[in-house]
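Note that chain A is present in both complexes that follow, paired respectively with chain B and with chain C.
Now for the complex of A and B:
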């Protein structure tokens, strides 16, 4: 019994020791030391390596770490190094909340976030704490600065992507359809109803379909973990859609495409960015032929500014992963990290690295800012965080991604863009 | 009889003495210290991170209390408790956002507290619905019927219908100022902490009193042998459903509390894993013990956070350690359950009892 008591007391001492180190703040001498090494800017990163979106999250996480290495090795933030605290949160919202609070305790000045569910859930907290939050969720809900002033991303938002996809298909495919003019085009959507990410753009999809005069079929609930979607495809066959919208991640989209191909659905497929990457043709095989998707960035390895660095750092820091297995999600991560770094540089130059300064002197001073990596110029307004209005649409054909269309929604529907669509 | 220490042997002269919460001055002193620790020391010393960790502990305790009641005290296996937490959260959220409250109720900060109470009742009634099969089935079959609660409630009703209210699509955000108790706007971790600690203390007291009441004894009798209980004249179905109601009520309050912590809600907050996690909490803490619920929640939240902080200094040398921490955490969760079932099947509560007894009897602990 005595040994057990001793063990218990030792455990208690260990816990108390750790607690005192981390909970009770810095001692005066540590504060002095902190001043000396104040040339470090702390940034938190939430990633999904094990959860529902890990099929695309792993590559993104690698990209974040590699991009931060690149930033630090090329001068950092005006000479200051970024210290990255990168955690896997398994796509679980309570986990995201505790990690967010840990980032605050670690005095991170900004966060590189991940999913829609947790980003939207944290948005009120982030706004309250004035913590700039650059997410990999491109939900249109995060663009209305009246509701989510500290949420930002370097991409075309999901709603704009989906509107662009439907418009591009309507302009290019339906225009040539033999039944054009005789009936309305038919569209349906496959996505996970319970996922905030998958369903973020559904309201915009239905609105755009109505604007363009589509007949909209019943939505099909396809899990992010789906490996068999035959029942959903059979349900779709009764509706006979001309085009199917997919808003899940790539594993689930590939499974749906395979089943649609096997069951001869005969529809075209339009896919939101997270379901449309280099793995789609590998996973779906011939079923991916003709698949149309939105990709606001260049695919991995393409000849665009800064891609050489993306490839170089992928080789340098993760040599064990063959380059042919890397995807566009690495490029996305670089765009997020480089965008944040630029905002930090501008705020630092203004002499204030507080959250409010990073937002006002950093992000919201970006007007047609060119990151490279094939992404369209980025603009953040204090009233509107939709960083771009253009949807770049590709088609997988003959073994490569071909540019299919570029739809600028602001140009095409200026009134709706300005007055109606913000925050969808 | 000394009023400072309990004497060896049983000197109670009436039931009231025997059932008194704080039987000696020493125990009263310890309880006062505990209250000071919870209401003064922690808020005074801990920074917002540790306060948020405490809030997660509280959320876990409140969630697991209902599971403890069902599994630990009434023997009704459940793997769908997350659904009832979701019901509470959604009822409270929808009432705050959509119900046409009279302006004075909003001004006086009555809307949220009222929504919390309604959320508790709604979740309790919803829980009773899924407890109805317990009249016919038990064990593994009951697990399956309670699991249905998750799929019907979260994956079907909340996702397909409730989340579409107002055309929002998925997540609901509660604007700043809407979560208000009296003049007190709940807009910081510390305020959430105070709500949490009051709720945890309140429900621990309620549960403790229920367990030692006629109702509690009926539940324990049903758990130990439902046929014998029925022979003794206990209305088994009634008490089982009452257990589901109380567990659901606490879950509903838990869900309504959760929205004060995040001010946002979506079905993804309530995955099936949450129900499994809560069962893990009571297994590690100790089945049939309210202390066990608390210890299990502390173990699952605080110890994991400490483990994380312990590995952080190593992250400079092994940068992937932080990224891989969730693997370590998941493995630790699984391993802890295995080890506790093998070596400490009565959970942390039993260990606590042993330690407490050792010190109470010291130096004559033989």
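Now for the complex of A and C:
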């Protein structure tokens, strides 16, 4: 009998001992780990923080990370957290291809990409792998789903931007020009010939110039790293352009504007989105006055839906960077991240987070989807990934960006939009 | 038989005695709250030249002995060692850390660490972040973000890079860590710590 009582007591003691380990002894590390290993959705992000486009790429990269924090802290993807793998590839295409393999190894379900060269180089691979790829390259080449079905972006594509810029200048500036009706308007372009990004919309530029009856001057090769463009400006002076198109990033655009101003070129300047941000007036000074550019999103800090969150998260997650140094590129990064998150939510609701489902049940179900941030509503068709047809054009005047024109290319040239312009 | 049972019971009580105090302490210690979650203190302890190849640059016009021609500059492998002090009375998880590296006043690289690590209550961990600075990459970064500043100084980009690459073994110029931020988590709460530093001090 005594033995039985002792056995009973021993069992009680052992149970209590085990309980003390498992119930009471749970450490914070384990609790946190449990949260961390709760369902996560892995997303890769390729960014240029140190390379040829780092003048605009760093701010975009910061915006991507901040937007993912916001998404995770506001419910994630239907309760699942996004784990972001963000890498700087220095704008080197071979490294982008290598990082893409790493993303696959990490089992990322989608990628937030960057430049035109690497995005176009990866397009056949992402199509084969059915990997949704939201780039910060807005090359028109990426919109034809017959060729690049898994490439998407939340912006006006470069070709539509350039067509919109030329059209807006033609409508508003040339219409009032004293020599209108006496001769053709003259246009020329400055860009880096060897850059896939800079030259992506040149074919569309020449086509649009022809449609509107421009005389087109010789293209000027301006490196993305140029700080002295006097020889190009002197060459342009012989042609006497009324307007010059710039398709580089902001540093070299600022250098070109400075030299054009110093050498009294006397032309207006129209600029693709990556060359037109809050840093342009800082770098170009008075030479930026009157510069016209395309900006599909609101500039940083403007009063549009969700901008309060963009500013709040910039302060919260990068407190060491003054807000006055943040730019529109943060805003466009948010548009990319929020757009991808919406596609992931829709695919997740459909119960399938495969690449094909993210595309079909996610992106391609967006019809006039409102992201906020000043971007026009987004629509992706299974046959056409031009998410919008409107080019929002601003003019830098009297110390601020003023809305100059909104050109809806689809509305203005419906046949060409539908039958000719897709994919270039 | 009876003695064995007594020994076993004693062992069980010893076992309990060992773990229950921890349990009791755990419940008494204040857990993380928005109010008591203090930002960890991050200090740049040192910078090391991990691997060094001197200074050279080949343009794509130079035919290589093997492989493809291209624009290649000498790589420079630096390591940044940080002390990360947890001032809280509970362990915290470092989720990520990132910062910008400047040579003198020129931003040259952005580095990050995505690996998580736990820092015990009141303790200091160390973190080593590697940064590869290759000559070509640094040239582009320097031109595209510091081109105007170089122009104002009247210094060529190659001259500036050579000065840095030749001088770095002796840390002949200041290397700064700036715009640093690190994300920490504790029981679902998040805290971001800002940091900066210069080496040599």
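Following the convention adopted for this analysis, the second predicted complex is superposed on the first by the 386 of 424 C-alpha atoms of A that agree within 3 Å, B and C clash if a C-alpha of one lies under 4 Å from a C-alpha of the other, contacts with A are read in each partner's own complex, and residues count from 1 in each chain.
Going forward, a contact is a pair of C-beta atoms (placed from the backbone, for glycine too) under 8 Å apart; a residue touches a chain by one contact, two chains touch by 3 or more.
For clarity, every value in this text was computed on a predicted model and none was experimentally measured.
When the shared chain is aligned, chain C comes close enough to touch A:227, but chain B does not. Judged by the touch definition given at the top, the superposed model places A:283 against chain C, while chain B stays out of reach. Applying the stated contact rule after C-alpha superposition, one finds that A:251 touches chain C and leaves chain B untouched. When the two structures are aligned on the shared chain, A:318 is found in touch with chain C, with no touch to chain B. In the superposed model, A:61 makes contact with both chain B and chain C.
Applying the stated contact rule after C-alpha superposition, one finds that A:146 touches neither chain B nor chain C. When both complexes are overlaid on chain A, the residue A:90 reaches chain B and chain C alike.
Looking at the shared chain after the overlay, A:175 reaches neither chain B nor chain C.
Of the two partner chains placed by superposition, only chain C is touched by A:53; chain B is not. Judged by the document's definition of touching, chain A residues 21, 23-25, 49-50, 61, 65, 85-86, 88, 90, 92 lie at the interface with chain B and also at the interface with chain C.
Of all the residues in chain C, the ones that touch chain A in their complex are 1-2, 5-6, 8-9, 12-13, 15-16, 19-20, 22-24, 26-27, 31-32, 90-91, 93, 98, 100, 108-110, 112, 114, 116, 118, 137-138, 140-141, 143-145, 147-148, 150-151, 178-181, 183, 185-188, 190, 192, 194-196.
Chain B contributes residues 45-50, 52-53, 56, 59, 154-155, 159-160, 167, 169-171, 173-176, 187-189, 261-269, 271, 273, 301, 303, 305-306, 308-310, 315, 319, 322-327, 330, 351, 354-355, 358, 365 to its touches with chain A in the complex. Chain A meets chain B in the complex at residues 1, 4-5, 8, 15, 18-19, 21-25, 47, 49-50, 61, 65, 85-90, 92-95, 97-98, 101-102, 104-105, 116-118, 120-125, 127-128, 141, 147, 193-196, 199-200, 202-203.
Those residues of chain A that touch chain C in the shared complex are 2-3, 6-7, 9-10, 13-14, 16-17, 20-21, 23-25, 27-29, 31-32, 35-36, 49-55, 58, 61, 65, 69, 73, 85-86, 88, 90-92, 224-225, 227-228, 249, 251-252, 254-255, 283, 316-321.
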